[in-house]
Amino acid sequence: MTGGWLAGKKSQYTKEEALKEYFLFLADDALILGQQLSRWCSKGPVLEQDIAIINTSLDHIGRARLLYQELSKIEGAGTTEDTLAYFRDHQAFRNALLLEQPNGHWGDSVVRSFFIDTFNFFLYDGLRQCEHRVLAGIAEKSIKEIAYQAQWSAEWVIRLGDGTDESHEKVQKSIDDLWMWTGELFESHPVFEALDASFVDFSALKTQWLNKVALILETATLQMPNAEAWMQTGGRLGVHTSHLGFILAEMQSLPRTYPNASW
Amino acid sequence: MNKDHWKLWEVFLRSKNGLSHKHVGSLHAADSEMAIQNARDVYTRRSEGISIWVVPSEAITASAPDEKEPLFAPSDDKVYRHPTFYDIPDDVEHM
Amino acid sequence: MGTNVSLEENFQTYVDGENKVEPKDWMPEKYRRTLIRQISQHAHSEIIGMQPEANWITRAPSLRAKLILLAKVQDEAGHGLYLYSAAETLGESREKMISDLQSGKAKYSSIFNYPTPSWADMGTIGWLVDGAAIQNQVMLTRTSYGPYARAMVKICKEESFHQRQGYEVVMKLAQGTPEQKAMAQESLNRWWWPSLMMFGPSDDESPNSAQSMKWKIKRKSNDTLRQEFVDKTVPQVEYLGLTVPDADLKWNDTRGHYDFGVINWDEFYDVIQGNGPCNKERIAHHVDAHEDGAWVREAANAFAQKQVQRKKDTVTAA
């Protein structure tokens, strides 16, 4: 992790630093995805799906709040869920790059969700056994929602893949285009070494994830991209794509314009 | 019917065990799995149901009102019965 | 012909007896058309009404406010759906209703043709616009057409949080920094009159109203509802320390109601005719979403058909 554009990034963490980072991985993933999905509101392909996608957006943002609230306690005085969401700049965000990729068309959004929902499913399933009691509790509460999300996005991948020629072609392209953002999800990170083993090491989820994705893509009559393809990285270290800057500029505009106001 | 038009489904919810499923409305979906999912999202946003049935609207056969003695004939007011699955909530007056 | 007259008379007597009409019952064709027009217009209002609020979801100033706003706009989608369902029981397809909306043949509440440049508008809409809508909707829970009445019961239950949410947003602003208070007043100035217009033209200018009242589709006149709204809202404005933008507003002891200024009906009809600030934008947004989604809806149908065929093939093979 030395050399290249990630140069200068931290490589050793104390236990407390690692805990905070771990919470940010989870919370920022949830917030950024929730924020992105909320843009579909009033733009879905049919009213029923508008309602469905808003539901998942609500779940993600709700989970982000629980995680930020717990992180605020660790951070101590002056930190709240809202200072974490609204007063950090892009370098401080730890979400995976996949989540800040634009919504694109319905197929692009569905595939982005499918990749992360599948990841989240194995991750949060494991976190139910976490020795951090609050995190285990959040995982227990979230797993039902995540299972539903994973089912929803997988079913849509299948429908689009095995639907019309047009939808097949479109969703195959979504998969191919978004594939290079998936490798980062399973990267090892010094944070995992600083925490006890009950904090799921993301790199341990790769095989399960690949198997599940392969199964769904096969059912959807879609081609699985090469698992060994070149992958992008940076999000977990705070090095983001240009998209995140715009997402935050929009999301944070009001509290930053009126920093002394409460809403 | 256009290629992009989804068919209509009737939705029935059981609010808790011990009660029968009750008609709550309809929605559009391409297939039964989607209809169940949509019903969950649309009709149970406030945990209104623990069991969902969906039925294609076209599969329901309803009794025809008697043409000769319309159900709304004044003399029949007191014996008027609405079709069983269109149930008027008890609290309609209190809202 | 003679039979028809007596059917219509019977229908009127039946409705006069506070009985509900259900989908397969005989009803005058004009009653059916009136209901389709009104219910679909109501549904379209919920759906188009999502846009001015969805506009602020990505910019809501706290995570709590973001969740509440999302949930609220989702409710509106749900309410639109309940209402489309109710209209479909009258034999009108949602597809047809949507095409009428997009072609401009069907109307929706004109209030949604105004823009929402300020976060304060998220409060004012919930408080005034939903408040005005609730006034109308509570009345409609007793409307004579069963599916419409039932949809309204569900909607009213869910709406109860919307108005409180709106008032809370405005209250936080009104009690906040001077900039926030100015934000609240500025928003109230823009939304007050359009909210009063939401109840529709005065009774003597509202030709459809009388028949709708007779059939108990509508239970209170436009002017009655408007007066109730003003009476109930003025004290809420005062509580916030804000000012109603109407120099003629005054409590009238004799009437036991507030007197208020003259509504600018030219503006009302202009906006209905398509000249509001956002008429074109609202419909274009709806059309774009619908067209962008066509390939998705088609794909889902194609997949469903394949599944049915596969099940048949399996049965045949077995």
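Labels for the chains are A, B and C, by order of writing; each one numbers its residues from 1.
The rule we apply is simple: a residue touches a chain if its C-beta (ideal position, glycine included) is under 8 Å from a C-beta of that chain, and two chains touch if they have at least 3 such contacts.
A quick note: this is a predicted structure, and the numbers were derived from the prediction, not measured.
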Identity of the most central chain, Cα criterion: C
Among the chains here, which has the CA centroid at the largest distance from subunit C's centroid? A
Tell me which of B-C and A-C has more C-beta pairs in contact. A-C
Roughly how many whole angstrom separate the Cα centroids of subunit A and subunit B? 38
Between the Cα centroids of subunit B and subunit C the separation in whole angstrom comes to 23
Compute the distance, rounded to whole Å, between the mean C-alpha positions of subunit A and subunit C. 36
Among all residues of subunit A, those touching at least two other chains are 46-49, 51, 55, 159
Where in subunit C do residues touch two or more other chains at once? 74, 78, 81, 293-295, 297-298, 300-303
Pull out every residue in subunit B that's touching 2 or more other chains. 6, 27-28, 30, 34, 42, 45
So in the complex, which bits of subunit C are touching subunit A? 47, 50-51, 54, 57-67, 70-71, 73-74, 77-78, 80-81, 84, 119, 169, 172, 176-177, 179-180, 285, 288-289, 292-303, 306
Subunit C-facing residues of subunit B, complex: 2-6, 8, 24-28, 30-31, 34, 42, 45-46, 62-65, 70-74, 77, 80, 82-83, 86, 88-89, 91-93, 95
Considering only the defined contacts, which subunit B positions touch subunit A in the complex? 6, 27-30, 33-34, 37-38, 41-42, 45
In the complex, go through subunit C and note every residue touching subunit B. 7, 10-11, 13-14, 17, 19-26, 74-75, 78, 81-82, 85-86, 88, 93-95, 138, 141-142, 146-147, 149-154, 156-158, 293-295, 297-298, 300-304, 307
Can you check the complex and tell me which residues of subunit A touch subunit B? 46-49, 51-52, 55, 151-152, 155, 159
